[in-house]
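You will see subunit A twice below: alongside subunit B first, and alongside subunit C after that.
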Partner chain A sequence: MSLTLAAGGRRRRNALPGFGLTLGITIFVLSVLIVIPLGGLVARAASLSPSQILSILSSPRVFSAFRLSFGLAFIAAVIDGFVGILVAWVLVRYHFPGKRILDSLVDLPFALPTAVAGITLTALYADDGWFGAPLAKLGLSVAFTPWGIFVALLFVGLPYAIRSCQPVLADLEREAEEAAVTLGAQPAQIFWRVILPQLFPALLTGIALAFARAAGEYGSVIFIAGNMPGISEIVPLLIVIRLEQFDYAGAALLATTMLVMSLVILLLLNLLSIWRSRQYV
Partner chain B sequence: MSNHRRPGENRIVRFFLIAAAVVLLGAMLVAPLVLLLAEAFGKGVAAYFDSFSKPDTVSAIIQTLLIAAVVVPVNTVFGLAAAWCIAKFNFPGKTLLVSIIDLPISVSPVVAGLVFVLIFGSRGWLGPFFAAHGIKVIFAFPGMVIATLFVTIAFVARQLIPLMQQQGRDEEEAAMVLGAGGFRTFWYVTLPNIRWALVYGVLLCNARAMGEFGAVSVVSGHIRGQTMTMPLQVLALYQDYDSVGAFAVASLLAFLAVVTLVVRRVLEWRFRAELGYAGSL
Partner chain C sequence: MLAPYKPMNIAIEGLSKRFGKTLALDNVTLAARPGELLALLGPSGSGKTTLLRIIAGLETGETGMLTIGGTDAMNLPPRERGIGFVFQSYALFRHMTVFENIAFGLRIRTRSERPNRSEIADRVNHLLSLVQLDGMGARYPAQLSGGQRQRVALARALAVEPKVLLLDEPFGALDAKVRVELRHWLRSLHDRLSLTTVFVTHDQEEALELADRVAILAAGRIEQLGPPREVYDAPASPFVIEFLGEVNRFSCRVQNGLARLALQGCEPVAAPGLPDALAVAYVRPHEIELVDAQASGAATATVRSVSVIGPRTRIHLTAGDQVIEADAERSRAEALDLSPGKSVGLRFRTVRIYPTAR
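Here is the complex of A and B:
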């Protein structure tokens, strides 16, 4: 998420040219494409009166969509975190045939268009699909229910969790674990007390990124969700529906609410991971 | 004995962890790809290739290529400009600038489309002005380009910034001292240093531009044969119960994604040092 900035710049005069030009281009593009449009979004939402805002946000359909989008995104991101630790661990610590192919495949959900993910996951988890048929026999319908949304969100968030944990696991110092071994610690103790604390900030970052991605996900979800109001209707779909009814202000309000909630949760997770990393350094 | 090891070195534990990771990634990532091919070729090779002769599908492919042809060069120039001023210079507000570049990644694609409907839509701020001059932005090509630009703005810049920060500015300063002009310095010193990261960034930007669904869906209006892109066409064919057609188009997009990942692997393997530690995003 955050790119590391080279700290402690050298204080001598910079002789390189092009600063004004490139900064100008950057600021111009970002203003026109991102800052002004997003500002317009917030302004449009703010054009509603407080009572209108309250009545839109408290309607049962909107409320259940928010609960569904953010609740499922959160659960999916946490489970992605567990899978992320496991897969990152296996990819970093072990050697086995096919490892490099597996490692490359991890990025697939980044690169695969969401519509493609949507259509394949739907076919896979439909009641007559490869995974859907056995699950349906057990009485669990996945496609066209909230479970389907969960499966799609799990898919789109997976690489964030794995790729956040992988470099940290690779850079862990062997000595700390060996010291723990000589002090008589059990492997499980070493994992919980030595490895996990060091991994925790990266894990939280990965979960936060997976969550942010999953909460706003649209393409793959509308294929698999069934899109039933109040049951399997996500917030981005509600925004699209409002827009189709030319209710610009209502759509802007839902979008702004979603944006604010995402940013607040990302901020909290970042603060938590900074706090945790300070505790253990 | 087995207790006095680093965690995960027990052979049985190792076997189960590897097996769990392989099964999980197989089910979550490999199965969808295999199913995609099985469905696309489900009615034979002839039916697969036949689906690319439908005029609507051809038009969707052309639209997608045209959008990428505009978006990728613009985002490449932006990425180079942003990386140059951010990586080579220190100035107040740099962190903010980087955060704004990253912002679109955590914004829902639907919101990315929405902000431009609020500006250019029939009831948007500039909509009536453009309509009076006969320019269609929303439900037309320009809107689809702008929405795609928003979504993919960070991809080239994010590949370049960490790498160029890591490389510092000594080489460029040496070239300047030796009398090379700004452009020559960039062309002969900077560009060769960053070319593989640039190639990968451009490729990723291209894959995302061609595969964007949510943002384009909101601004396109889904006019068949006119404003459909490949991902939108996947949904349209799927809703028409043309399974082979939908999966055939999806297979092209999946192929593009897999090629992107393979090129990334090859570049990493051949030119690891020259790619820097650029993240997978």
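Here is the complex of A and C:
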């Protein structure tokens, strides 16, 4: 008590000391690792004149790369979200031999070096690969087309969706489902009206994380994409190409544009989640 | 508006249920009469909740027969049984408002059976006022107290006009004061609706106060079924008397229709119809009369401590190795001037004797 008074009578002593020190380190680390590099990036991009910016961004090659990167990432993330619910459901609700192994398998796309994933997927989906050959017979080429990019993005995003939904599903009150049954609900009605609404925030988080990962994915995509300008060329690859041509400002502009678009999309997803969950929490 | 309920009966015959190796229900036969409030009372693990969940169809019975309102329900899915079920944990849909929770059972019906919007709104509002939650329809369950949530759960179950109402420990998650209030309220609601209701509880006071009849379960069997007064006054077995409140247990020996309790100075007690053998005798604390130590025919005991509990006095006594609890009016206890170490006489107003289980 006397210590508190000596310190000015206002500040409460925390049980764990060191607020000042830890906050200092936090701010330092965040500055060095995030704020300063991003600031540099934006500054570099800003060295271009508005007309230069406009001409770079409106070139057909750049425009189609953006459409490809963000469009495929978004579709892949949404599909990952729903597949993620299904996998999480199986892992949470059923007990079967080998469940632990299956559960740890989910994390493999997290851990696998992206180049390894890229080569594996390319070998599988090439026109003479295990999956690629039968698909080619049906007239669908996956490797070296936008479909290949899509497969790679599905692959890298899936664990995010599964891991977001899994704990929420595990926490769901089984009795709410039983109550719905006694009130006359069919299984599909229970899923759409009782389970899915409660999973929604976790689903959105999973989709957002899968999207963020997929939009910036480079390693696994460049192996399988074929990288044809205007058709299967992703934005991160365009950035690399500009760097190789020593066009640093152009690369920074593309990077900044990606950054802004990603932030806006993540912000929208978060707002949607807050809006949905504020209704009943 | 709610249609008046047509009271339905529930009949269970020879129902057995196994979980792995344990027998949760052992050849249970039980019937709930139309319009009655039946309590399933028992300690945890006695099978009472399993029985209720089998009636609801949330567990499947292994063998036996179940009819609800005369229809064979054993092979019906829960949604076709016409039951309303209320869970101890309320099990409300937390992402829906109170109104939507209550309307749920109506909204999910197929188009041909679904009431129109204004009929649904009318019925929900009527139920809201029935459970005394007028004007709370727009709230979410998280914004309600425990007692309010349980009433929403009840309204939600009533909305689909069930043939019977099943309540699983409906007051279990509430604090003592709310529990008693809600108990009285539920009894008066039941009297108005006369909807056949089965509720599960482990609280003997709750069962005795609320129910028309009480079924006492132990280890998957029904030990006794009867009105509260009957099970309290004439417990069918040592288990029942031990479960229905506090009781003193004495060992005794029956000979020629007389039971001798292992207590110094205690007169033999009539035990008609019991075989000559060792037996157990039970005396409830309030059935013990404290008298002077020298009184004739009174067992002697020594006072160990005296606690005053509101209007009553609880006296802890010993007689040899036997511990005895007795209740007395405060005035009586004060007149005897009880203090630790003092000898007193005990007279038993009622003694219940059971043969020892073999």
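By definition in this document, the second predicted complex is superposed on the first by the 257 of 281 C-alpha atoms of A that agree within 3 Å, B and C clash if a C-alpha of one lies under 4 Å from a C-alpha of the other, contacts with A are read in each partner's own complex, and residues count from 1 in each chain.
We adopt the following convention: a contact is a pair of C-beta atoms (placed from the backbone, for glycine too) under 8 Å apart; a residue touches a chain by one contact, two chains touch by 3 or more.
Bear in mind the structure is a predicted one, so any value in this text is a computation, not a measurement.
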Practice prompt. Quick one: classify A:V142 as touching subunit B (first), subunit C (second), both or neither.
Written response: neither
Worksheet item: Counting only touches as set out at the top, which of subunit B and subunit C does A:E173 meet: first, second, both, neither?
Response: second
Discussion item. Applying the document's definition of touch, where does A:A210 land relative to subunit B and subunit C: first, second, both, or neither?
Written reply: neither
Discussion item. Per the contact definition in the header, classify A:Q186: touching subunit B only (first), subunit C only (second), both, or neither.
Written reply: both
Worksheet item: Is subunit A touched at more residues by subunit B or by subunit C?
Response: B
Discussion item. Under the stated touch criterion, which partner chain does A:Q198 make contact with: subunit B (first), subunit C (second), both, or neither?
Written reply: second
Worksheet item: Which partner does A:A123 reach: the first (subunit B), the second (subunit C), both, or neither?
Response: first
Worksheet item: Same subunit A residues contacting subunit B and subunit C, which ones?
Response: 178, 181, 186
Worksheet item: Within the complex, which stretch of subunit A touches subunit C?
Response: 173, 175-176, 178-186, 189, 193-194, 197-198, 279-281
Worksheet entry | Of all residues in subunit A, those that touch subunit B in their complex | 1-6, 9, 14-19, 21-23, 25-27, 29-30, 33-35, 37-38, 40-41, 44, 83, 86-87, 89-91, 93-94, 96, 98, 100, 102, 104-121, 123-124, 129-131, 154-155, 158-159, 163, 167, 174, 177-178, 181, 186-188, 190-191, 195, 209, 212-213, 215-219, 222-223, 235-237, 239-240, 243, 246, 248, 251-252, 255, 258-259, 262-263, 266
Worksheet item: Where on subunit B is subunit A touching in the complex?
Response: 3-10, 13-14, 17-18, 20-22, 24-25, 27-33, 35-36, 39, 77-78, 80-82, 84-91, 94-95, 97-111, 114-119, 121-125, 146, 149-150, 153, 158, 161-162, 165, 168-169, 172-173, 176-177, 182, 185-186, 204, 207-208, 210-214, 217-218, 230-232, 234-235, 238, 243, 246-247, 250, 253-254, 257-258, 260-262, 264-265, 277, 279-281
Discussion item. List the residues on subunit C that touch subunit A in their complex, please.
Written reply: 56-58, 77-79, 83-85, 87, 89, 91-96, 104-105, 108-109, 140-142, 153, 156-157, 159-160
